[in-house]
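I am attaching a structure below and will ask some questions about it afterwards.
Per-chain numbering from 1; labels A, B, C, D, E and F assigned in written order.
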Amino acid sequence: MSKGVMHFDVGEQVELYLLIKSSTKGVASNGKPFLTLILQDQSGEIEAKLWDAKQEDEQTYSAQGIVKIAGDIHHYRGRNQLKIKNIRPLQDHESFDVSDFLETAPLKKDEMMDTITQYIFEMKNPNIQRITRNLVKEHQQALLEYPAATKNHHEFVSGLAYHVVSMLKLAKSIAALYPSLDTDLLYAGVILHDLGKVTELSGPISTTYTVEGNLLGHISIMVNEIAQAAKELDIDSEEVVILQHLILSHHGKAEWGSPKPPMIKEAEILHYIDNLDAKMNMLDRALERVKPGEFSERVFALENRSFYKPVFHK
Amino acid sequence: MSKGVMHFDVGEQVELYLLIKSSTKGVASNGKPFLTLILQDQSGEIEAKLWDAKQEDEQTYSAQGIVKIAGDIHHYRGRNQLKIKNIRPLQDHESFDVSDFLETAPLKKDEMMDTITQYIFEMKNPNIQRITRNLVKEHQQALLEYPAATKNHHEFVSGLAYHVVSMLKLAKSIAALYPSLDTDLLYAGVILHDLGKVTELSGPISTTYTVEGNLLGHISIMVNEIAQAAKELDIDSEEVVILQHLILSHHGKAEWGSPKPPMIKEAEILHYIDNLDAKMNMLDRALERVKPGEFSERVFALENRSFYKPVFHK
Amino acid sequence: MSKGVMHFDVGEQVELYLLIKSSTKGVASNGKPFLTLILQDQSGEIEAKLWDAKQEDEQTYSAQGIVKIAGDIHHYRGRNQLKIKNIRPLQDHESFDVSDFLETAPLKKDEMMDTITQYIFEMKNPNIQRITRNLVKEHQQALLEYPAATKNHHEFVSGLAYHVVSMLKLAKSIAALYPSLDTDLLYAGVILHDLGKVTELSGPISTTYTVEGNLLGHISIMVNEIAQAAKELDIDSEEVVILQHLILSHHGKAEWGSPKPPMIKEAEILHYIDNLDAKMNMLDRALERVKPGEFSERVFALENRSFYKPVFHK
Amino acid sequence: MSKGVMHFDVGEQVELYLLIKSSTKGVASNGKPFLTLILQDQSGEIEAKLWDAKQEDEQTYSAQGIVKIAGDIHHYRGRNQLKIKNIRPLQDHESFDVSDFLETAPLKKDEMMDTITQYIFEMKNPNIQRITRNLVKEHQQALLEYPAATKNHHEFVSGLAYHVVSMLKLAKSIAALYPSLDTDLLYAGVILHDLGKVTELSGPISTTYTVEGNLLGHISIMVNEIAQAAKELDIDSEEVVILQHLILSHHGKAEWGSPKPPMIKEAEILHYIDNLDAKMNMLDRALERVKPGEFSERVFALENRSFYKPVFHK
Amino acid sequence: MSKGVMHFDVGEQVELYLLIKSSTKGVASNGKPFLTLILQDQSGEIEAKLWDAKQEDEQTYSAQGIVKIAGDIHHYRGRNQLKIKNIRPLQDHESFDVSDFLETAPLKKDEMMDTITQYIFEMKNPNIQRITRNLVKEHQQALLEYPAATKNHHEFVSGLAYHVVSMLKLAKSIAALYPSLDTDLLYAGVILHDLGKVTELSGPISTTYTVEGNLLGHISIMVNEIAQAAKELDIDSEEVVILQHLILSHHGKAEWGSPKPPMIKEAEILHYIDNLDAKMNMLDRALERVKPGEFSERVFALENRSFYKPVFHK
Amino acid sequence: MSKGVMHFDVGEQVELYLLIKSSTKGVASNGKPFLTLILQDQSGEIEAKLWDAKQEDEQTYSAQGIVKIAGDIHHYRGRNQLKIKNIRPLQDHESFDVSDFLETAPLKKDEMMDTITQYIFEMKNPNIQRITRNLVKEHQQALLEYPAATKNHHEFVSGLAYHVVSMLKLAKSIAALYPSLDTDLLYAGVILHDLGKVTELSGPISTTYTVEGNLLGHISIMVNEIAQAAKELDIDSEEVVILQHLILSHHGKAEWGSPKPPMIKEAEILHYIDNLDAKMNMLDRALERVKPGEFSERVFALENRSFYKPVFHK
């Protein structure tokens, strides 16, 4: 799949296969129904309006369908929009897979799994190692496929594993500089901190929150699972409470969803590593299409700030 | 045990057996060591200073010992103090039990257990009923002996059970007026909401926080135990998540320690019932020794407010 | 009046008499004027757009007019909308009264008045009783007709009296469990706490704020009226200040509009009872059309939360 | 009375008549009682300890008594203290009046009354004028004697009137620059804004809050009195509500005790003028004993800031 | 230029020359492009939509162009809109200057410069005087042309100088009442406090933030310039730091952009004078078209309040 | 100097040379003066009281003097205290240097200077390199001697350079993982971010704030110096503003003293690196004397949290 939809400039003609991420019906001010389509390929997503939608269009152009579309790129309220000239559903002879259209982590699943396995292998405390290995094994497939969030950062296929792998490397670098840190705790904390998201979220495509995710949240879900894993593995030492505390406190403050603040050195640092990797991800994405001498769009999860790319950056 | 230490007025002579709640060593400004004793009987507690303490006094007058003491009551910085004239440890022929000196809930343990059992019996949903019964059974003795907190409200022996019983009656009255409420959920929420305190706190005497209590907190502890109970009872329906949510959200807001706010009608009302009973307990205690036309001491947990007793109240 | 406008599902045909709650003119993106009508009957309210509105339509379809309308129900941005096929004003032979279209408290005015009178009758303190009776008498008709608010809770005809009656029952139940409460103060506080709203608000239909309501607010208005009533009745005892304090403090905190926080036990509990009844009203309304296993719309006045109806609730 | 107690430097010998502002008993670490005396004359106040106080001393040296005292000035925790060498109560032949020892506004009562009368006289709106005059007349004596607060600013005899007079002059200057301001409203707001303090506070000496002051506050008290004055004067026009609003909103925000924020131009400016005069008073007092190149003590009511006096200020 | 665009009422016919302040392209719900034009003359600004805009229209009707327009005034969402009947660009024979259409301070540049010069002349401290004069001289032209902000207050041509002149007069009045104030510091603070805006903002027309303005802000810019001016003038006394502190702290609090709070008396008062003049400007503008007995539009920078004009104000 | 004062346990006899960090006079409750001495050696600091201090003692035992002291270690209010048995000033034949008693960074000055020089050498952008080198050169000696703060973190001799060196290594590690980061900006930001502290603080011993430090703060001081350095070096490109922005925003938020939040990717990461190194320093110091299974003292700058050392950590 050649040039992605995000790489076209305003005014350019587009002819592309795209995945419908969502489709919402509205009524235009002339009283006729229309569809707001969010279309995506691996380069990102774009909005398009299908005016004068017929009854059957709502069915034909619903979420997770693939379409062939021709049109051109407009600029509307600070964002690009695709103005549809022609749209049709996939025909029988055209074969695409949904995954062809989804943004995906820049590392292969195997690679990421190898890295995680290696870090678990390096742990010295057998209790921490066994609990971590047990939980990774139980959720291995989901860990490798789920995004790390529905929006803001690492919101792409395999985003969760990618976030974990980046954080592991960060943890290793930092622990090399501050040798008082317990790498077993740090690595286990990194690997497990968001693993509850495989229960909190619905899956890698059109991700939403599950009922359990809404009512309990990934933190409490994983705290529970650590207790259960420890019980199954017949581990009853302080490592269990410490691991639960690492997960419980990794949002840093009560008002950010951690009922207890970090009270272990590694818990405090885990919170920092998580934040740092999330911020780098957001910053890189915010700035990737910004030209030197210009400001990015506002980034909601970074206190709605806009970031500047210095002129001397090329 | 006749007149309690809290019922003496400033200037009165005191001769009493008292329990040492805590004993802290200090050095006076003349360079000599002294002990600050917090002494208690069922009427409440009072501070006393033992000046010029000898080496062995620290041993003799340590926490949880019982002493016979003579002295008089002074007023110091807005509080009464006992000025020691004579103090000695219990002698062999004098037999007292620690429990004779502890403030205790105004209801008998049996009575409270009967009430709780009765409310469980009235539940109609078997899953909710079985999980609740299972957890009450597991922690029955502690539930009947522990305080509900180390300070602020219901901080006395059996305070936890007494708080639960008051809340159950309140829940019943309120549900009678708003029939859309699910009493099974409300009663189970009331009974379990603070049950994690039997793990969070050290016990009914000289209560402190355990390591697990500090690192996880009673909310996460009980959410875990509900999961475990459900597993043992082989219950895998939505009631489990709903009960966990009731516990998780009963502090009402993230900044008050609930990682999720109430998202079930009964969770919202549980939070209210908990608050209302705690406040009534604090208000009654703050006002019990205040004369009409006067203000109470400031109550820290009620935003440091002082409460007025109207002149026409007697 | 058979099936109400809120009971139709998306896609259904509608033919109904409806009251115009408000009518606002706009200009469509084709440059032609249109009207946004909020239409209501006793089941609730719905939005409709009248496209290509003529000059005279603005007159014909203005607030408080009654219309016959045919159309069908659409879903737009998470809410139902009525798409107009046909609309005409009421004809001469058709007789309806505005009150036929207004949502109204589920209790009759007489019943509510009887209840309030009964609670006043039960008061033992003659000063409290006389002031309360005097003010109820002065505003009796408005008390029975006004809503308790323009939105959020009890925002329907007779909502104020209905809120008072529910709170009185709640006050009685709670006082039965905590006998230290002074029921005279509690009942008087309940009856008077929002009575200033009959001056703050414009009336039961198309309710807005009066200038006096905006500049002073119902709390200060009623504190003034208590002073005036006491003067007329020649009462000059502490009960007057205490009643004023109950009203003044019933929002609980300065930032919620109470210049003084509760400093009387009954003032604190009055604030709680007010909150509890308002929340139950909002929760019941938010959940009444939600199916088991689904979440409600977000409720602004409950911190914008969405509430879940458990699957096992039916 | 020659050199005041605040004008002595550390190390100097003192022999002075002083008024006891407050006297509090304590028990020293050697077990003997002592009195903490706050002593004052017109120059300010100073703390002194009377060690080894006898039973009768508590009586002899109680608040509002006058004493002759000899001692020297020490520095303790950032404040001066008077170390007592000799103390005795006033003897029969020595005649002093309490007022000789109280700090007092720098203007005479007559002067201040004249100024206030003159500003009332200049008002053009008869309703505003009559209500203002009526209330000033009713409270004239207290207005001229009360402080404007128990601490922070203008906490001296006649502080209230002095604050009003300063604000009137400020109001006049500002209105000269912004002619759209209604000076009638501004002057009336200035004169009445704190007049409720004559009911809220106990009087000019050893000032405390009255019960009514605690439960209602000076804002609600004055809003009531405006209503009553208007009734007596048979005024029923919008001026009454506007005047009440000026008083109600003069603290600027709900969290600062104003149940409504300013919604009239003059109300906003009144809040500013009040603040500006209070701040100037606090700043001048904080800096009056500070030498160029040094920082003042921290001023609690100015967010605990410390203020610097530039070296080039002499 | 006769009657300004803001002085027409809803329904009136308009035929006027107007300046295009901004022009933004959109796509209407019928799929056709349109332009949203903000048009202005000295009376203020108004929105207009140009439907069915052709390719070349975007060019023809871009920002800072002047047009002749005919249409009528509509009311839309609480604001007036101009409905275009006819629009054309300026023709060759028609000669207008951009400045003819811009709202401008009510004082002449010369007058304002004279006032500022006079206040500098009155300064007694030569260091303060020389630094102030030096910086005013350097930025004189911009000081006389720039607005004081892009929105909220004094957002018109010469708004900066006008704000300074008003504040100088206010400073003089206030210092007359509180003679302990150092007028040199106060006047220098007033003149320099916002002078960094001539670097922070782009200029008097279609004002935006410069990169330096965004990244440093006018406070840090001016603090730097004071250092540089002092160096050039070879002044190395405490006045430099004090002047820098006045600028640095004039927003009053860290959260309002002042890294240090005021720690000099004159810094605190400068903050107040700045606020007072800005508020008067906003209040006057908010109320200038409001009729007695009505409320103004909400004013964002005044905590979104709406202001009432009393009935007795004419 | 053998065993440091911080390494003695409660009850042990001490005989040591110590530096007086501060000496404060008080009056004991028996009316006699005493001195509170803060004594230090390289292991840390301890409090001691010198009772019954004579006139000349205040002179003899003042700050920055060295004493020989004998006594024993007590525990008082959660901290160790030294109870003095014998104290005398240094005698002529005893030769010590103040620096022998000061806690100092664990790296040599030369080493640290080499590291910093090396990082500057690696910079590729000549403008950034020259400005950084110029400012380091100007303040080289102070940079190598000053602490990074008066308390909380790196509050020891050479703490500033040590903090910079740790952050440089951290910056390098992180930039290796996120290659989009501009290391020139990051290194320059690290080196300059706190360099203003050499003007803000008084020096390495008994560190306090200078007047300039109080009124301007190290952030504004360094922003000024960058401007001045650029001017001297005749650099007028965007790098200057960007470097100033890095310093200006490195506290992250307005309420933490940064008038602008980070708006450059490297500014955001600089803030993180600063925080991370400060926190590691505080955590290590808080935990260094804590035994496994115990909690540390509360750390004020870490939201007053107490940190737990797991039992399995040794």
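Note that in this section a residue touches a chain if its C-beta (ideal position, glycine included) is under 8 Å from a C-beta of that chain, and two chains touch if they have at least 3 such contacts.
Not measured: the values here are computed from a predicted model.
K.L.:
Shortest hop count from chain B to chain E along touching chains?
P.N.:
Minimum step count, chain B to chain E: 2.
K.L.:
If you line up contacts by residue number, which pair in C-D, A-B or A-C shares over half of them with A-E? Let me know.
P.N.:
The A-E interface is reproduced by A-C.
K.L.:
State, to the nearest whole Å, the distance from the C-alpha centre of chain A to the C-alpha centre of chain F.
P.N.:
40
K.L.:
So how far apart, in whole Å, are chain E and chain F when each is placed at the average of its C-alpha atoms?
P.N.:
Between these chains, centre-to-centre, one finds 45 Å.
K.L.:
Using mean CA coordinates as chain centres, what's the chain C-chain F distance in Å?
P.N.:
61
K.L.:
Going through chain A residue by residue, note those that touch at least 2 other chains and give them in order.
P.N.:
29-30, 211, 214-215, 238, 242, 263-264, 295, 308
K.L.:
Which of the chains are touching one another, listed as pairs?
P.N.:
Taking the chains two at a time, the touching pairs are A-B, A-C, A-E, A-F, B-C, B-D, B-F, C-D, C-E, D-E, D-F, E-F.
K.L.:
Which chain D residues qualify as touching chain C in the complex?
P.N.:
211-212, 214-217, 219-220, 223-224, 227-228, 231, 238, 241-242, 244-245, 248, 254-260, 263-264
K.L.:
Quick one: which bits of chain D touch chain B in the complex? Just the residue numbers, please.
P.N.:
For this pair, the touching residues of chain D are 25-27, 29-31, 211, 214-215.
K.L.:
Provide the residue numbers of chain A that touch chain E in the complex, in ascending order.
P.N.:
So the residues of chain A touching chain E come out as 28-30, 34, 49, 51, 74-77, 81, 83, 293, 295, 308.
K.L.:
Within their complex, state which residues of chain F touch chain A.
P.N.:
Residues of chain F touching chain A: 125, 166, 169-170, 173-174, 176-178, 180, 182, 237-239, 242, 261-265, 268-269, 272, 275-276, 279-280, 283-284, 287, 295, 302-303, 305-308, 310-313.
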